[in-house]
Amino acid sequence: MPGSSTGRLFVVTTFGESHGPAVGCVVDGCPAGMPLDVAHIQAALDRRRPNQGRLTTRRKEGDRAELLAGVFEGRTLGTPICVIVRNEDADPRDYDRWRGIYRPSHADFTWDARFGHRDHRGGGRASARETVGRVAAGAIAERLLAALHGIEIVAWVDSVENIQCDPIDVNAITRAAVDANEVRCPDTPAAIEMIAAIDAARRDRDSVGGTIRCIARGVPAGLGEPVFDKLEADLAAACLSIPAAKAFESGSGFEGASQRGSEHNDLFDTDPAARIVTRSNRSGGIQGGISNGMPITMRVAFKPVATIPREQPTVDSAGRPARVDPRGRHDPCVLARAVPVVESMVAIVIADHALRIRTTGLS
Amino acid sequence: MPGSSTGRLFVVTTFGESHGPAVGCVVDGCPAGMPLDVAHIQAALDRRRPNQGRLTTRRKEGDRAELLAGVFEGRTLGTPICVIVRNEDADPRDYDRWRGIYRPSHADFTWDARFGHRDHRGGGRASARETVGRVAAGAIAERLLAALHGIEIVAWVDSVENIQCDPIDVNAITRAAVDANEVRCPDTPAAIEMIAAIDAARRDRDSVGGTIRCIARGVPAGLGEPVFDKLEADLAAACLSIPAAKAFESGSGFEGASQRGSEHNDLFDTDPAARIVTRSNRSGGIQGGISNGMPITMRVAFKPVATIPREQPTVDSAGRPARVDPRGRHDPCVLARAVPVVESMVAIVIADHALRIRTTGLS
Amino acid sequence: MPGSSTGRLFVVTTFGESHGPAVGCVVDGCPAGMPLDVAHIQAALDRRRPNQGRLTTRRKEGDRAELLAGVFEGRTLGTPICVIVRNEDADPRDYDRWRGIYRPSHADFTWDARFGHRDHRGGGRASARETVGRVAAGAIAERLLAALHGIEIVAWVDSVENIQCDPIDVNAITRAAVDANEVRCPDTPAAIEMIAAIDAARRDRDSVGGTIRCIARGVPAGLGEPVFDKLEADLAAACLSIPAAKAFESGSGFEGASQRGSEHNDLFDTDPAARIVTRSNRSGGIQGGISNGMPITMRVAFKPVATIPREQPTVDSAGRPARVDPRGRHDPCVLARAVPVVESMVAIVIADHALRIRTTGLS
Amino acid sequence: MPGSSTGRLFVVTTFGESHGPAVGCVVDGCPAGMPLDVAHIQAALDRRRPNQGRLTTRRKEGDRAELLAGVFEGRTLGTPICVIVRNEDADPRDYDRWRGIYRPSHADFTWDARFGHRDHRGGGRASARETVGRVAAGAIAERLLAALHGIEIVAWVDSVENIQCDPIDVNAITRAAVDANEVRCPDTPAAIEMIAAIDAARRDRDSVGGTIRCIARGVPAGLGEPVFDKLEADLAAACLSIPAAKAFESGSGFEGASQRGSEHNDLFDTDPAARIVTRSNRSGGIQGGISNGMPITMRVAFKPVATIPREQPTVDSAGRPARVDPRGRHDPCVLARAVPVVESMVAIVIADHALRIRTTGLS
């Protein structure tokens, strides 16, 4: 399969260029009979949509989802579900002067190296606008996970530049708490500082990066494959496939690497309901690549936005010196809008594994 | 595909349990006509083999590779290449008393949750012994990459517990330099400290974790897919599928997340040969998921070894309290032996993408 | 992958229900830089469209293709190409009375057995309307094959009921000759008889089946995989995935099974251009699953249309006796409209293998 | 995936060349906990083995199966099952003189066109010896189908040259009845004539082709995918991937194409157990690509064996005239030995779909 599809049983394909007619997705493999309405998808897209506040891009997109296939009388058919979103505020002329110029730390050069022919307008398919399809698919995956196991997924902004969110109770955190402020950090004092940092970067004609934490609660023990398709391997790939993501941690991550085994091991025990649990959760809910029933925890790093509204030297496609000076509508920080994208990718991976375990036993 | 295969065009399947008759791999999709000899595979296995020194497990395995298919008169046929390695020092009796007991931070419990029936001897298929097949496949991938593009892959131990290797010149580092000491850290003073730390952990009946850095040199611009199968997504999955790996960074990784765009952006330039290059390499050789011709750089975290030779409380499969007290032959630190495994996984991913780009254009 | 996708490198996914909002396809893996225009797709859809004459269904569908993604400035981007066609003449009320009744030899019962929830309107996704997506994808595949190797694919109606087309020169047959009459049989006397047979079936409130032959010219030697993905295996699957198809022959097919080796073997020779050819072509252009450069020849059988405008006994979903008496707009013979569908499926398979061979060698 | 693997969830990979060290298979995705012993696999291989009587090749192969992975204490682990069979009677010298000569209707030429480098000894991987791996995998699939649904698969020789087996009761036929004679035709008078025909072909230094019928009983309604992966599409591909197979029919096949809908439709009814059945079975147990609970019926055509012990003109790899005159040990008829291969491929396909349906619903 070429690279625009992911998953083995819950298969998500996205399509569309930033300034082409539409973006969207096909989700194949969603079980039949699941209640699904375009409103569920729309609600998810609304959380990702640009122009939600002063922190985000001013591109004006209604992002109206159309459900073209796979649902009948409010329930899934087990056939491919196709969702499209028309691009409304696409203006090719904005981009004509960047046609042959390689913006620093963008995909312009590598895309040319790979494909030869490229839609230069707004990054084309390399644009973060491609994540519209992911979020639509993620909304479907989340409904499946809720229906199957009551699984909940919550992500939040953990750091912006050097400002760090305090530790969060993974058993209590909710999306409502995350969405309570525009930077999507549930630690209010930190959120205030983050907003200030983003504003400062904007004033400085600069941008900032940061990290997102994500947890999945209610995942039963037994999800994941033991060798190449370990649950954390698939989660890492899913998160690092998000534009601008550069690093991924499962459980204790890099910090765990400096511990000793006697500190790091999660001792097994039973809970009051006689279920096997671990006393600590440095494993992040995954052992040997398979979920152990504890909350799944992960962290993703996003580099600072490559587009900064200042002049930078570069080269054009012939290798000649050139300069870029973008004046468009760009986010100084993508973290808040990346939160639903991370949740979507995590949901897609877990949905896939929730179907995969069904083929494991004799009955 | 179930989880024991990886890759789209260069497809690696591993098989085998730690104490079953054999472990091995099938590599399908390797181009025809490539010189390949069992000695190439054996040399790679010898770097991974246990019992290489006082730092590693004392399990005695000759790890002799047999090449059963896919090679004729010293060149590949384009058909599946099958390599097997017999398990010699397997002693099921060692493990009988652990049959129903869940070792902390091992895959015993999750494997039972997933499969119901489990080979408890030495971790069965969840054992690091499974990586024999990966290293055999990696040796084949490395020969392909050398033949196609002169690509070289070198990994080394970057930290053990809290001891950190100094920055290494990614353009100069060689496997010979890495293999110069038994901990595979090319910074000799750090290596000496690491060895001491491992010895200390052993004396304390404990274990340590650490990190590995890996680079790939000579990767041409254009490898990788722009959306889900981004090069760094596939590398992350490959590395996090290695037993005990818990985190992955591409390029600047987590550190880059605290920078601003103006600091982090890699400015394009041309080199004396008029090729487009970047002045810095915070992108780690990958932009928009596609290689840009600069060295690919990454870092992987390994948690401390879960098996520690001391008594730990746990539960058995019925949830009853139990104790584990392993006395077997175990590494207090897997980092040195994980170096060729990381290199192998990176080689397998890049080999796959080196074939995938061939289908991109009209000619 | 669930069952709505086909191909390994040239991957076609179709979506849509007969009376849902739209049908369409996503084609991923088409090389970048290929000239493609919506008009090419529209021309192909026009050959498949209903209501082309008295022989076909009277459903009124403009079948207007919209190209949503994957093409920029008239050339493919190497990204997923998405084509949709809105369903215009969908009238759910037509079908309400058939909701729980199993039409004989239709997919109603089996679909319920598989999915539980079903769009009963016009067969839902089991409708031949699904082939709109295949023909759109086939048009793209055909352009690729023409660009790569000058490959031409031509199918024609070989028999209707008991009326048999005379042998056709596979080197000379053209689509223009096939399209010269409305039954798409290039043997005019046979075509006249076929039309009469179809008219007779209509008068008798009955339907007819028949066979289609298809050839591919210009396929270079070397396409196909030697084991499971033999070229004829993939062609057989592609053709038998078309609604109502029940049998497939490659080359001499069933007739060859009654011959002796000395009669059946195709002797090798060289042509005036010193290329290796075979003197006969009982192999149908494929030997050992790989093309040999001779024309690829195949034949597909289609059962008579299951919908016949007369009362038939059946059961409902509770197993109670029921009767069906469809009065809608239905083809008494699908053969003429199946011609472009067969061509499309053959093109999709050959396009996939034309990309797959690129990964075979070292250079 | 390259072409040596088949299946989505029950994934079979075969490996090995006819005169290399070994042939074998890896089966990944078989559910855990299924009783499996090497004896089950050996029994299946024994039915396929050469040198079983005067009708078959005199190559002497013990075909002893070794089970290397995936089974522990007599039950499957859910991990890859690897079976190998050493090639014992391989003699490379037999084949040296054919190294550069293209045997008529063999894969020598097409393999060279595809791969460049080729193992010419006995057809290399294009040899029917590759089917050892299929039969080993088929034995595993059959045990799964028996365990899951009590599914039984029986194939028999339906015709040899022009001698036709009488219609067989698909509900009663057993493997014991098929194996009662060496040509594996359950119609004894026809079997006697078939044996005479094969003997005549041998005396004439010639070979014969023929057809095999296969049925699957006990397949529940609901197996199969509605679009590209229709059950009959997958069965057709599986059967046409067998060496020398050239045609496939599902149910009424080509004969059904000359019928009218009123004759061909299978009317639904209920049986005494109130299950929905069809009164006739022209659909061959599959409607809309999905099983309907009736016996699945199919027929496969095999061309006459290409190797005939007489001189035939041909060309060499440089296009120069040459002659072949094989004197080795070859079957004048492969039909009897192809019976277990057909059964194996059918079992593998149905096993895959038996797992695939598990992912269809919400519970």
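Going by the order they are written in, the chains are A, B, C and D; count residues from 1 in each one.
By our rule, contacts are C-beta pairs under 8 Å (C-beta built on N, C-alpha and C of every residue); 3 or more make two chains touch, one makes a residue touch a chain.
A quick note: this is a predicted structure, and the numbers were derived from the prediction, not measured.
**Student:** For the chain pairs B-D and C-D, which is connected through the larger number of C-beta pairs in contact?
**Tutor:** C-D
**Student:** Average the CA atoms of each chain to get its centre, and name the chain whose centre is farthest from that of chain B.
**Tutor:** Farthest from chain B by mean C-alpha position: C.
**Student:** So the centre of each chain is just the mean of its C-alpha atoms; given that, what is the distance between chain A and chain D in Å?
**Tutor:** Roughly 46 Å separates the two chain centres.
**Student:** How many angstrom lie between the CA centroids of chain C and chain D, rounded to a whole number?
**Tutor:** Each chain's C-alpha centroid was found; their separation is 26 Å.
**Student:** Can you compute the centre-to-centre distance for chain B and chain D, using the mean CA position of each chain? Integer Å is fine.
**Tutor:** Once rounded, the distance between the two centres reads 39 Å.
**Student:** Pull out every residue in chain B that's touching 2 or more other chains.
**Tutor:** Within chain B, residues 1-2, 4-5, 8-9, 14, 29, 32-33, 78-79, 114-116, 125, 226, 360-361 contact more than one other chain.
**Student:** Tell me, which parts of chain A touch chain C in their complex?
**Tutor:** Against chain C, the touching part of chain A is residues 1-2, 4-5, 8-9, 11, 13-17, 20-24, 26, 28-29, 32-33, 66-70, 72, 75-82, 84, 114-119, 124-125.
**Student:** In their complex, what parts of chain B are in touch with chain A?
**Tutor:** These residues of chain B touch chain A: 1-6, 8, 12, 14, 102, 104-107, 109-111, 113-116, 125-126, 130, 159, 161-162, 201, 204, 206-211, 220-230, 232-234, 236-241, 243, 246-254, 256-270, 274-276, 278, 282-284, 286-293, 301-308, 310, 312-315, 319, 357, 360-361.
**Student:** How about chain A: which of its residues touch chain D in the complex?
**Tutor:** Those in contact with chain D are residues 8-9, 29, 31-34, 78-79, 147-148, 226, 355, 358-362.
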